[in-house]
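Note that chain A is present in both complexes that follow, paired respectively with chain B and with chain C.
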Partner chain A sequence: MSGLADSPSVQIVPADEGAARAPVRRRRRWPPTLRFDPMATLFIAPAIVIVFLVSIYPVFDAAVLSLHRTAYAQKVAFVGLDNFVALFSARGFWNSAVNALIFTTGSLVLVVPLSLGLALLLDRNVPFRSVTRTVVVLPWVMSQTVVALLWAWLLNGDFGPLTFLAEQMLGHRPAFLSDPTSAMASLVVVNVWASYPQATLLLLAAVQTIPQELYESAEVDGAGWRARLVHITLPMIKPTFLVVLIQLTLLYFNMVTLIYTLTGGGPLGGTETLAVGVMKTSFEDWNLGRGAALGLIITAVNLLISLVYVKTLRPAGK
Partner chain B sequence: MAASDRRPRYGLLLISVLACLFAAAPIVWGVLTALKPAAEVVSYPPNLMPSRFTLESFRQVWSDSNFPTYFRNSLLVTGIATLTSLVVAVHAAYGLARFDFTGKTSLMLGLLATSMIPGIAILVPLYNLSIHTGLYNTFTGLVIVYTAWNIPLLVWLLKGFFESVPVELEEAAMIDGCSRMRAFYTIVLPMARPGMLAGAIMAMMFVWNDFLIGFTLAVTEDKRLIPYGLYSFISNIGVDWGQLMAATVISLVPVVIAFLLLQKWLVQGLMAGAVKG
Partner chain C sequence: MTALSLDRVRKSFRSLEVMHGVSFDIEDGAFVALVGPSGCGKSTLLRMIAGLETVTSGEIRIGERVVNDLPPKDRDISMVFQNYALYPHKTVAENMGFALKMRGVAATEIEAHVARAADILGLTPLLGRFPRELSGGQRQRVAMGRAIVRDPQVFLFDEPLSNLDAKLRVQMRGEIKALQRRLCTTTVYVTHDQIEAMTMADKIVVMRDGRVEQVGRPLDLYDRPDNLFVAGFIGSPAMNFVAGRIGADDAGSHVTTDDGVRLPLSRTPAPFVGHRVVWGVRPEHFALAAADPVAIPVTVTGVEPTGSETLVAVRVGAASMTVLLRDRTGLNVGDASRITVSPRLIHLFDEATGDRLDIPPLS
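Moving on, here comes the complex of A and B:
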């Protein structure tokens, strides 16, 4: 696709610039030829400006804020790394880090097999397959706020149907959201419901690109379904699988809305992750400097996860 | 999968039904709650089916709460933000698809990298900036942030569409004396219409569903968007679950329509970028 625009025969070049243009297949040369196109700048500049102002500049602003003591939206005093030191020495920070780890890995452990299984199911010739496909990915359109509301109602301690079902089975009425441990467990289940469709769709798309012939010849060779899964399906979808894994990891680690609107990080901090900590520190305690510092720490962890992603994907050749 | 797969497997049908049940049950329960008479919403043990269907909860939430304001605000902000995102992204995508210049690859990777900056990490500085620029609690501020957050995904999506439009068409038009701009607007854009529609729907769903920016930047009752509005209902004491579910169902209508239109393009869009928030 991209070869079209790059190939010299079809490249549209403004007349005055065409002669000066370097050949397309050039290796690095020194001094480098700077190619600049005013028309291209006109097309691209608005996007660059707005993305810079809203997504890049704030990162620097966060860095500056994180080095200051703040009172509401005003910087009061430069305090160096005090905000970071205060964060790392607070017990709440490590509690949130552990919660983030539990929430992220707990959700991954459930969502990955579930969505892989569903992708394999939807790839097969099941009756009413197209209906199933639509229904199964339906939670994807729900905002995290709506998901939180729907499940808060299902888990409601007074009138919730899940409370009722659990009471029938356990013999006593459970308190899904008012005990730290069961709140975290409930949160993970809700998160699974909210996020598996995205993974399922991506994995399904990957599974569908596997040539039928591979399965047919494997079957001729006497491979059972397990051998076909391990030796054909999984290796063939590996690149997509890694993309999904990283997308989900970042999604869960950075997730705020679902947790904040369902449990508010409670009870007793039992579901407060690092990302939710930013909300509480900044907009409940109104400590913007420390909130910005926590945000930077989260960005650093994101970079770390992405780095692992790049390193792991390169050998796969994608 | 295998050759023997051509006849349907009824054993798998059971698993399909269970999967559908898992996906749909919470939504169905919410819809049925919205249609119950108020007294039956708060009965224990709960009943699945209402003794009679009523739209009373819908009527109440629409006439006795601020929900219509939230709905109007969300429509307005989503509409404008989708439009601005699309206009800005369409030009950038074309520029990147058709022109060659120094640093293009780095620019595109950089653009993609910005979509990896977690929203939560720049929420505090955005709040801070909005206060200092006077954009706090304004629709303009919301539209600017949403536009910026939509752009990377849209540019990557649309660039692919522009690259699939044969460049000879523009060349022919330009040889016939058409200006570059005119060739873009009259020839290329109409051909990329499916991509623009897909991009618009994705941008729309993102803005309509986002809680964080609305919660941080638009706080007063008259500026609130739906997600914050719904959240403020639940944090009130004495929440009326029938009305809350009715409001939730109303808020779902636009995204469900968008989803049904979008289904075809869904996977491409998901591949093109991570989702913020």
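Moving on, here comes the complex of A and C:
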């Protein structure tokens, strides 16, 4: 038989070229022409009012507040950028920033592979699939406060079952929550436990939308499971992966309830993140001006993180 | 030389057997169409050849090798899927070169292979584009490019034209056939469209319910269908069937329908007289014979002129038939007329078994 290698070079001229040109992407006109349409305005007005009240106004109010010295909720005097200067020159701020970085990165590093692995596993015909899926989702249904209280009991230095188990295995009683380093490690583990279901389900949904034919085609092409993961699964779930990454990063970076309830930011500030710092500065120290300044800094970091993710993970060609 | 051979191939899903001992051989370089209605098992069979479905029993050989237990990548086949299965995040060039990349071929060599396949298929200007930037026909061509770039022993096509509009389908039909002729690669082509099968294939395998009904050259299947199913499936518009009993009298042999209409027949040997049969004639084999007193009396129930030909629906006794006329006709709904057919163009099938009845005509 003969094949491509020794076939005569005869070109099949596509006759559908006319219809087969690449779709022309319509460009939006810029600047957009503004045209007042009373009916359209009426329809979008409720949404605009809600967004303004719950998103724009608080940020604006926080920005104003951050430029004042406050006594409880009252603005006492305009102090310009003093609150920001004070924050940046305080050691506690940098300590909280480093803690936030460790907590966020540590959790992400564990959650992302864990949830991706579970999603891939649940996509297959594992035994008792529906039961397994229910068990996997279980931590998600608990509020962060309940999770924190549950783990506070499990890790309690005096009567926690996990402390007891670890003591039996290691020969000494570990200080899960009473040493700054191990408290941070424990916090990361608890956070991973509480937040992996959400990522798993999102990634599972994405994995399940990948057409089976792509895998079969790759199989015929000679791709093993690793090549199929790298060349099909991961690129195909990239948009969901981006959403999951942004969602988790922001969730971890802004997390207050779990940390505040489990460790209160301690011991010795070992688990105090920037978000917990806002809570403590505003509602323990009652320095709302400085708390607002810290909140604005966190907002800016959030925006920066989202931008970096979108820039680096945007699908090719879009 | 046989390029692909199936020997009593069976497939079961748990206790349900869906493929009941399929056997046929495909010669090297042949274009074979697997055709049959939805659910007949043709796609399953193709996937078994590809290695995407296991074989419960029997043997599949590609060349000299039994491939039953070989993974798809080791079978030396390429497959074009119904939805093309192009990798959406890879460019046309990357899509076409993927299989070679997976085999560890050097990048420069991949580039050369891709360029050559792209040249054959007229894809060179599109190599840098993503699948979403291509039209249906172009995607189809890329899918073929991906298949030919590897120079496999067998091409497998799984209903590759079903997502295209009618005009493009006709055009791509020609392109695939032309490509296959040029490359001379053994091809198995699954389709439910018998026109596609008739126009493209050297050999057709007609399947029903996991069984092979008939294997043969397109016109052999058309001229001498082995059974009622093949007779009804091959040909468009479909063959007309009327059940009746073979009779003979002074005027000659005939088939008398249950409502007493006499249908013509060649002179039939005595042992067949009284046999219950299904009388079949293709619509294009009828002719109008309004003035012939011995022709079949019909009532016109519908007229569909298409320009080049006219489809006339008629009633013969209680039975409905379709007559395809090349000439324009002045027939209208409700008209009474007569049609005639040459006895040598009549097909007879045993009513009980559905098998073709080959009655030696008396001279």
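The rule is simple: the second predicted complex is superposed on the first by the 257 of 318 C-alpha atoms of A that agree within 3 Å, B and C clash if a C-alpha of one lies under 4 Å from a C-alpha of the other, contacts with A are read in each partner's own complex, and residues count from 1 in each chain.
The rule is short, and it goes like this: a residue touches a chain if its C-beta (ideal position, glycine included) is under 8 Å from a C-beta of that chain, and two chains touch if they have at least 3 such contacts.
As the structure is a prediction and not an experimental result, all values here were calculated from the model.
In the superposition on chain A, A:Gly222 makes contact with chain C only, not with chain B.
Using the contact criterion defined above for the overlaid structures, shared-chain residue A:Glu213 touches chain C, although it does not reach chain B.
Of the two partner chains placed by the overlay, only chain B lies in contact with A:Phe283; chain C stays clear of it. By the touch criterion defined above, A:Leu34 reaches chain B but does not reach chain C.
For chain A, the partner touching the most residues, choosing from chain B and chain C, is B. By the touch criterion stated above, A:Ala73 is placed in contact with chain B alone, chain C being left untouched.
In the superposition on chain A, A:Pro235 makes contact with chain C only, while chain B stays out of contact range. Residues 1-2, 4-5, 10-12, 14, 216, 219 of chain A touch chain B in one complex and chain C in the other. Those residues of chain B that touch chain A in the shared complex are 1-10, 12-13, 15-16, 19-20, 22-24, 26-27, 29-30, 33, 41-46, 48, 88-89, 91-92, 94-102, 107, 111, 114-129, 131-132, 144-145, 147-149, 151-152, 155, 160, 163-164, 166-168, 170-171, 174, 180, 205, 208-212, 216, 227, 230-231, 234, 241, 244-245, 248, 251-252, 255-256, 258-260, 263, 266-267, 270-271, 274-275, 277.
For chain A in complex with chain B, the residues that touch the partner chain are 1-2, 4-6, 10-12, 14, 24, 32-37, 39-44, 46-48, 50-51, 53-59, 61-62, 65, 73, 118, 120-121, 123-129, 131-132, 134-146, 149-154, 156, 158-161, 164, 193, 197-198, 201-202, 204-205, 212, 215-216, 219, 228, 243, 247, 250-251, 254-257, 260-261, 275, 278-279, 282-283, 288, 291-292, 295-296, 298-299, 302, 306.
Remark: chain A residues 1-5, 7-16, 19-23, 211, 213-214, 216-223, 227, 231-232, 235-236, 238, 315-317 touch chain C in the complex.
The residues of chain C lying in touch with chain A in their complex are 3, 28-29, 50-52, 71-73, 77-79, 81-83, 85, 87-90, 98-99, 102-103, 113, 116-117, 119-122, 129-130, 133-138, 141, 146, 148-149, 151-153, 168, 171, 175, 178-179, 182-186.
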